[in-house]
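Next, two complexes with chain A in common: one pairs it with chain B, the other with chain C.
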Partner chain A sequence: MPQSLFEPAGGESLSANPFHTKPVGFFKDAFLRLKKNRASVISLGVILLIGFLAIFAPGFNEHGFNDQQPDWVNLPPRIPGLEKLGIADGGRVLTNRRTSDLNDTEKYPEGSVLEVTNRKTINGVEVADVKVNYYMMIGAEDQYFWMGTDYLGRDLFTRLFVGARISLVIAFLSVLINILIGVVYGAIAGYYGGKVDMVMMRIAEVIGSVPNIAIVTMFILFFGTGMLSVVLALVIQGWISAAQLIRAQFYRFKGREYVLAARTLGVRDATLIFRHILPNSIGPIITTAMISIPSAIFSESFLAYIGLGIKAPLVSIGVLLSDAQKTLLQLPYQTFFPAVLISALMIAFNMFANGLRDAFDPARRGEE
Partner chain B sequence: MKKLWYRIAAMTLAALMLLSFGACSDDQQNEDPGQGQTQGGEPGQQETAEKVWREALPVDASTLNPHTASLNYDGIVSDYCTGNLYREMPAKDRKSIELVPELAESEPEMQDEEGTVWNIKVRENVKWSNGDPINADTFIYSLKMGLDPALLNSRATMIANYFIEIENAFEYAMQAGEGQEAVAWEDVGIKKVDDYTLQIITTVSYSADDVMRHFNMRATKPVHEGLYEAGMNESRTATTYGTDLDSFVSCGPWTFTDWVKGAERTYTKNPDSPIADRVYFDKVIYRIVPDSGTRLQMFENGEIDYIELDMNTYPKYKEDPRLRVSKTVSIFHFEINRVNPDQPIFQDVEFRKALFYAMDRNTFGQLLYAEPAPYYVHHLAYVDPDKGILYRDLPEAQALVPENGGYDPELAKQYFDSAMERAGLDKIKVKMLIEDTGDVLKVMGEYMQQDMQKIFGEDRFEIEIVNMPDQQKTATMKAWATQPTGYEIGGHLFNNAATALYPYLIFRPYTKDYNTYSNYNNPEYDALYAKAESAEYRLDPEKKKEILLALEKEFLDDVMNLPTVEWVGYNLFAEWIVLPVDDFLPSQGYGVMFADVDTTKLP
Partner chain C sequence: MFAIGKYVAGRFAAMCLTLFLIVTVSFFVIRLMPGSVYEDPELPQSVIEALEDKMHLNDPLIKQYYYYLKGVVLDGDFGISVSIEPSVPVFKILTRRIPISLCINLASLILALPLGIAAGTLAAMKKNKLPDHVVSFLVVICISLPSFVFASLLQYFVAFKLGWLPIIYSPTAQTMEKAVSLVLPVLALSFWPIATVARYLRGELIETVNSEFMLLARTKGLSRVQAIVRHAFRNSCLPLANIIIPMFTNILGGSLVIEKIFSVPGVGGLMIDAINARDHALTIAVLIFYSIISLLTIFIVDISYGIIDPRVRMGAKK
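Now for the complex of A and B:
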């Protein structure tokens, strides 16, 4: 066919239609999808708020986390402003108090008795439950402990957020170590495959098959309690799931054309692993890390609860809960605040991790 | 047809409801066995309710074998379900204690003029709960097994030498040790005179009361030969006797009838017991409830009849009319490990004194609702029980007690600086063992951790608190000979009811032959203690006072341990419990075993 029969399509210029929007990369796409997940955004806000409080709240009042005040032990919460509404007013109900003493101003300073209820007679003595302003009763009227004090008169507000700080440090540190070990271990197993993979993964399975609580408890009993022991105890088996995840990712990507091409060009194994294949696993790694953090916080709290936590004078949320559960019926506020904080942390991290998982899911890329 | 189905369905539903109501009412009746159930009769009439003692304990008994039982919780079973030749109980005057023959027929009979040979007649009609007879052979076998050198029972030394020292018994029990000479059983001062008569030969002179007290102890209680032998291993180094109800039989005022391990124990009154007329509970139920908060809730709900309050629960009940406050025979203290090769400074008495004077016992007392104790002999130790003279009330004993609860930060700092300089140390880290089950040591430990740093300097002194389960802590402390680096100071509770009448026993754990926790080793002190055990010093109140003062002075001068607080008992009894005593009695407490139930007050 002669060339003259052909003419260029599209008139004078031949060019592609320009994009009017900026290109959307993998991470930006994930961020956009995460932003649309309201629960994740709120959860992130909660995490940031608790993180902020963990760093700065211990400086909000003059009490150090280990300042012991034997005259002010087990004081109930008292918050300026709120006390006028009858909330956190420093009130405490004293049970079975002799009614004959109610007018004794040495025992009950004027104005300290708020309410007298449940009058009854025990062994011929008339008694009643007396609600008092406990701060006034013990001569600490000018004091305000927002979350009360513990068995050594230490401020529970300061201790709670110092405890949260330590719990978060333990959780982040253990997760970071788990991810590091898991990435290297999983990458080697996945990349080389064959016998290397078989031996490495069987070793991981053997370690993983021992019941977690048993191995962690024995580890801490052997090496003693303390922050480092707790972190290491959380690492013993914690890295295995990260290693399995990374291995699967490597099996998925190591046969792709761009990897084969790079290998053909003589790129070294280490470069292939860490530069060409691993970046594809960043999404799952971040998601796994986020999911691991609440379980690490919970594990630390559990260990502290059974007496295998960090050493005094350090404190964590688990240590606070462990101490408080002994007085749950007498001093419920000592359990209430750490319980609320750990619940908020667990829920927030889990919901945020769910959001991240959806955001990094390649199948949902570009989804509105 | 439809109507018929409706009728059938309605009838079935009604039947089910009736059944479920019936089941509910049965359940409710079964919820609380014994207590509150009356057998017929109108209100106001004489009630015939079963008398039941219900108590909750934090842990179950570990063994029923009297030769190895060491926990207080083991002793509770022993007290109720195993008799002994003699039984100590509150006297009928409600103010004193009396020793009565239980499985023995009468008081021991002195066979010589010195009081070293004693015959004890066993009752001819007493039996184990399975019907097997109890006679002199039962006691001979039990004591022989208790002292057996191959079994090496933890209570062997108590059997050999506690209230009385039985001839060659200690040597017989310890003959397997390095450098010990062989001792034949025939040389031990435990003989059979006839089928129902036992002869005890002691090393020195004792009184009949001493002999009776020795055979009132848990360690000298009888074991059932058949079951003991059945549980013995091939090498005869251990027996499973008393590890469950199948390997145990009772012979006490109550029979152990039901045991759900870790949950509940039930004892039923033994009407054939020689002291059956002195006990009133038809049934005794112990529930195992580890959590103190739950135990308190059970007391408030009327599910148990007694609770001992602790530092967390006492403030709530401090004015309750049911509250009974008592002194106890318990001293909390910290044992000192002197043999740690990494910390030789603990051998320096000035360093130990620095720790002693840096303990703010007044604050411990305030935090724990206990008595500050810069001393080691408790307030219930008698020098002359007949005249009611207590050791701690003596002016000479009070003079030994340092001022301000022994808290003197300046003096402590002087001793500390001096000891550190001598040891060539700039900083020291002290490993403190405490148990994770109780709050007392934790509170003291955490307070000391901060306060002692203030006194000695944060850059020079540090306490590392190691919190571990009680059994692990005990094992670590007792293993000082094989693992000397395990700790430096370890929290411990000294609690021995026998020390009320035999106060010198307080000092026995620091002698070379009897040290388990302590590794104190001082031949001069041992000689001093040996004097205290001799009849000359034991039987004469003046000499007893003299030797106790000397022992306590030596104890405090050499800082053998670090005493902290003397425990105070806060006890709540249900309104319907009628105690056999007006006030707390040393070695008997409130005599709960001999208490009664006022059934008219039952809810």
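Now for the complex of A and C:
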């Protein structure tokens, strides 16, 4: 039949309506979903705040993180302004003090006694628990240590945020190395498959089957404590889960038609791996990285507790916590601030990672 | 049946090989560390030499390793402690300390199971309602907070401020008081497993509830609760077992620090002390203990997978 007999059904206007909105890309899409998740937004805020403080807070006062001030040992927290409300007023309770000394201005300078409680008589001596302004008592009225000082008179505010800085650096660094190794290793194993895959995964399996405590302990005993060896100790087994994830992703995508098409066109292996297949895994990679950060922070503090953490002048949240643990009952504020900070960090990172996972992969929402 | 036997034997051999590797590496790592064990300047030179001779310290390392392996395999002799409890056999120290560690770890696991299962089931049944949100929130907190933060909180508030429970372990007390002083360490250790079990069970149940056999159960006339408890829950129990066993290794790791905080004379505190006091024989023995426990858990999980799911077994064959 000749073509002239046919005519378009819709008359002249054959073209489709043009799009009036901008296309939404992968990251924009994820970002839009993330923004709706209130918990993740708050978590991100907390993370950014702590990050900001970790970078700048050590400069907020004149004390260095390692300045020892023997005159001002174990001072309680004191913050200007707040002290009038009775919070962080430099007060410290001294138990079982002789009440007869209370008016002795040598021992208790004018105005230093805040409260006398729990009066009782022990062996015929009248004693009481005395809450004093510790700063006045030792003659440091004009000093303000916002989070108090430790047993060497070092300012805990500065130390806390220098510690947070180092903990975060260790966590980010170890996670970054883990992801890098994992991506390369998993990509090669997943892309080539077969024998290469089997051998590579067996090696990973053998390394992974060694108990974590044993391998980390031996590593640090051998290479000595220090920031670098802590980072590397977290890497020894850390990269394996990333590698397995990437490998699984490659198995999912390497058989797709678009990969076959690219290969038919003569694209090299390396380009196929990094340019065509790997970008599919960007969501899971970011999510895994975010989930690994709190566990790296935890591992670092854990190592500090068992005495394999970073070396003295340097300080981390874990070092602060394990130092403070020894005097928890007498000086609880020394434990309080690092404990709050590490808890906030861990909760924020976990919640943010959950939100990220939901944003990148909405099908898995609500799964844990 | 034969295939299962072969599979089990294979996994067992792999486990032994890993253990052997760990023993070897830890022996060499720890022996190659600088500094003699006997650095006490008070000791006369002759005594040091006699001691070193007795410990074969003057032989080449490979020979020392041979003696060590021979002692461990033939007589269960892990050497002698030099600084923690001088001249007491390491094996004796371990047998005294292991039970108490295992005790608090098992106790926290046993405590965690019913609580975690209850919380997870509740959250799954009231999905997206208030109980679910409360449980999910608590789960995030319990999973995020390190166990030593919980330990500090419990020690300060429950033991010190309220005075309900002893602050630290009391070694001299009677059996009953001893048990009471172990309550706080067990509690501190159990937050994480409770949360993990709850989270896992919630996800598992929510998935199962939508499956067809649940619909069948409902059409038979079972109520929602009946259907979940009798059918969905049973279905989720098997995979649950396989996350609980490896959890034991994790709790054991956590108890390293917890034992230190509460002064519990278990293996955890022993390892820290041994490392810091350079008591090498003891350090190696404790590392071996941890490795055995963790390899055993992996072994049990592998085997149970192999028995439940034949595909795993077949995969191992080729």
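FYI, the second predicted complex is superposed on the first by the 354 of 368 C-alpha atoms of A that agree within 3 Å, B and C clash if a C-alpha of one lies under 4 Å from a C-alpha of the other, contacts with A are read in each partner's own complex, and residues count from 1 in each chain.
Just so it is clear, a residue touches a chain if its C-beta (ideal position, glycine included) is under 8 Å from a C-beta of that chain, and two chains touch if they have at least 3 such contacts.
Note that the coordinates shown come from a computational prediction; the quantities given were computed from them, not determined experimentally.
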> Counting only touches as set out at the top, which of chain B and chain C does A:Arg159 meet: first, second, both, neither?
Replying inline: neither
>> A:His63 in the overlay: touching chain B, chain C, both, or neither? Say first, second, both or neither.
In response: neither
>> On the A-aligned overlay, A:Arg247 touches which partner chain: chain B = first, chain C = second, or both, or neither?
In response: neither
> Regarding the shared-chain residue A:Leu221, is it in contact with chain B (first), chain C (second), both, or neither?
Replying inline: both
> Which of the two partners, first being chain B and second being chain C, lies in contact with A:Arg78: first, second, both, or neither?
Replying inline: neither
>> Let me test your reading of the model: by the given contact rule, A:His276 touches which partner, first (chain B), second (chain C), both or neither?
In response: neither
>> Tell me the contact category for A:Asn96 with respect to chain B and chain C: first, second, both or neither.
In response: first
> Which partner does A:Leu329 contact after superposing on A: first (chain B), second (chain C), both, neither?
Replying inline: both
> Touching A:Ser301 in the superposition: chain B (first), chain C (second), both, neither?
Replying inline: second
> Where on chain A do chain B and chain C both make contact?
Replying inline: 221, 307, 325, 328-329
> What residues on chain C touch chain A, complex-wise?
Replying inline: 14, 18, 21-22, 25-26, 29-30, 32-33, 139-141, 143-146, 148-149, 152-153, 155-156, 160, 167, 199-200, 202-203, 206, 249, 253, 256-257, 260-261, 271-272, 275-276, 283, 287, 290-291, 293-295, 298
>> For the complex, give me every residue of chain A touching chain B.
In response: 66, 68, 70, 73-74, 94-98, 101, 122-125, 127, 151-152, 221, 224-225, 307, 311-313, 325-331
> For chain B, which residues count as touching chain A in their complex?
Replying inline: 292-293, 296-297, 311-313, 315-317, 319-322, 363, 366-367, 436, 439, 442-443, 445-447, 449-451, 464-469, 472, 575
>> With touch defined as at the start, can you tell me which chain A residues reach chain C in the complex?
In response: 206, 209-214, 217-218, 221-222, 294, 298, 301-302, 305-308, 321, 325, 328-329, 332, 335, 339, 342-343, 346-347, 349-351, 354, 366-368
